[in-house]
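What follows is subunit A paired twice: with subunit B in the first complex and subunit C in the second.
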Partner chain A sequence: MADAALFEFLHMEMVAELWAHHSDPGPGGTPLLTLLRQIFSREHRTSLYAVLGQKMSLSVLEGMGFRVGQALGERLPQETLAFREELDVLKFLCKDLWVAVFHKQMDSLRTNHQGTYVLQDNSFPLLIRMASGPQYLEEAPKFLAFTCGLLRGTLSTLGIKSLVTASVASLPTCKFQVVIQKT
Partner chain B sequence: MAVCVAVIAKENYPLYIRSAPTENELKFHYMVHTSLDVVDEKISAMGKALVDQRELYLGLLYPTEDYKMFRKLHNSYTDVMCNPFYNPGDRIQSRAFDSMVTSMMIQVC
Partner chain C sequence: MSRQANRGTESKKMSSELFTLTYGALVTQLCKDYENDEDVNKQLDKILFSYFLPRGYNIGVRLIEDFLARSNVGRCHDFRETADVIAKVAFKMYLGITPSITNWSPAGDEFSLILENNPLVDFVELPDNHSSLIYSNLLCGVLRGALEMVQMAVEAKFVQDTLKGDGVTEIRMRFIRRIEDNLPAGEE
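Our next item is the complex of A and B:
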């Protein structure tokens, strides 16, 4: 089905575009970066750039995922009855949301019953074309940020405030950790 | 079928509110706030009981067969949400949404 490929390509381009400027910190850049450039000396400049730039790009990706998640949180549960409890919402994420976006279900869901959930995907579609094993491990976070935001956004529309992080031990298996924020 | 339509955000402020011009608008704004209180009451009383999206609507103020209207409204709201130029929390300014609400309100009068 062409749909899956379209999203994968778009996502790849999003990541590529956001990281295109990192290798070459030219004269341009945001006001924040310009200010920091003036404050810090030459030796520290490039590494600070790299770190800040990375963090900003990851936030941008996460933010995009969040907004998409918010919309999907309204669109997807059309036929599903309202959720009785938190676990139902998480199951919805693992089944309906994952199927709608990635055309497969989440492989496992674990919880400590105290607001922390670990969702594991053994062949995450956005990583599966990259490698199989420990190669490119350090690049993996870039390809998970959008999806973390997606989960957080969907939860937000369903009334749950959360913090979502992802971890990869070996491609293409990855784990998403959802921590519910109690207010 | 409707003389007043309001979409309320999670933070209890209206994203969209419109009433038929013949009626007193202030009265409807009060009613909207009262109905929010009723929703809160119903939700806190529910606990783990089965909550059906349609049932939530029907159980609220007057049991009618207007869940179709609620469904149309929710579908239009979903369309607004999916618009990338709409930021959640803003007032709803979509013309498509306006015309859907107009069609709902016209059915009565």
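Our next item is the complex of A and C:
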């Protein structure tokens, strides 16, 4: 039974790993890079840095979120899974899933009734620690990738294939766009 | 309403598993990334082992503030008090379990925390031929980072792990030294 704070701090560390690999590694770098320098010879290092730079990326974060979302979805009792309509599933995400993961409900849910849904959170917990307003907009996507995957993963377990993206106009408000994929 | 009650329980269950699932996904991802790379794979255990210690440390450094704000625990006067707070308050608050404290060293500077299971690995499948120590080190880092912020340099390590087949999970804590604040000359 792990406290919510543990997830938030772990998520922060995972996102921090993205920054570490965006710039060319200098004499400093993350503890991981430092250790690798010690272990690997000069010839190996360049390719390793390139490899690592690709490893922790937005898509990797999204993929991890997807797996976690799937696992969370699998833990739901059977009766929850008997949704009558697609809209019910999205409402479930906005209420039950969001409360379970972020201890609050989604603030609004809109749809065009043609398979596209926009879920808006006016104070997204993973963005709260960053300053409000437009200053850190560039960094915001890094803090949303995992959660996009989480939504996509839970939907997947509920039998729905989707594409989930997020956008931020002004911290800490963000919107998740869920587009249902018809197979 | 029973549906309401049901919702509450399910929410709580999902919430508590989020951290362990995420941590498990992270380790699995790291192992997977490098399993085809000969050079890295040989060193992978060593890499991951060292990877999680500083990550855990960073988490611990932030976690202690959260802990002090929520627990109303006062300053600990000795290592025994610290042990009590770690086991009965901190572990309970963050992981919902209360390890027992045993095996005190004669000097009172070392003790063991005994847990029935490894709390981080409930839902995780350890990749073949990778040491369970990889998982453990995050927790060790958290303990070190958190205690350093309250002026204690400690070492934490897993000496037994149910994941490896041991009967219990045992974390050995060792007090290294008190970290003194640097006060200007002439102050007490």
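Methods note: the second predicted complex is superposed on the first by the 143 of 183 C-alpha atoms of A that agree within 3 Å, B and C clash if a C-alpha of one lies under 4 Å from a C-alpha of the other, contacts with A are read in each partner's own complex, and residues count from 1 in each chain.
One rule holds for everything that comes next: contacts are C-beta pairs under 8 Å (C-beta built on N, C-alpha and C of every residue); 3 or more make two chains touch, one makes a residue touch a chain.
Values in this document were obtained by computation on a predicted structure and should not be read as measured data.
Q: In this superposed model, does subunit C or subunit B come into contact with more residues of subunit A?
A: Larger number of subunit A residues touched: C.
Q: For A:F9, decide between first (touching subunit B), second (touching subunit C), both and neither.
A: It touches subunit C, and subunit B stays clear.
Q: Who does A:G159 touch here: subunit B (first), subunit C (second), both, or neither?
A: A:G159 contacts subunit B only, not subunit C.
Q: Mind working out whether A:E85 is in touch with subunit B, subunit C, both or neither, as first, second, both or neither?
A: Touch partner of A:E85: subunit B, not subunit C.
Q: For A:V99, decide between first (touching subunit B), second (touching subunit C), both and neither.
A: The second partner, subunit C, only.
Q: Between subunit B (first) and subunit C (second), which, if any, makes contact with A:A169: first, second, both or neither?
A: Once the two structures are laid over each other on A, A:A169 reaches no partner at all.
Q: What is the shared patch of subunit A, the residues that subunit B and subunit C both contact?
A: Residues common to the subunit A contacts of subunit C and of subunit B are 67, 71, 75, listed in rising order.
Q: Can you list the subunit C residues touching subunit A in their complex?
A: Listed in rising order, the residues are 6-7, 10-23, 25-26, 28-30, 33, 37, 39-40, 43, 46-47, 50-51, 53-55, 58-59, 62-63, 66, 93-97, 119, 123.
Q: So in the complex, which bits of subunit A are touching subunit C?
A: Within the complex, subunit A touches subunit C at residues 1-7, 9-14, 16, 30-32, 35-36, 39-40, 44, 48, 51, 55, 60, 63-64, 67-68, 71-72, 75-77, 80, 96-97, 99-101, 103, 146.
Q: Looking at the complex, which residues from subunit B come into contact with subunit A?
A: 10, 48, 50-53, 56, 74, 77-78, 81-82, 84, 88
Q: Name, in rising order, each residue of subunit A that touches subunit B in their complex.
A: 67, 70-71, 74-75, 81-82, 84-85, 157, 159
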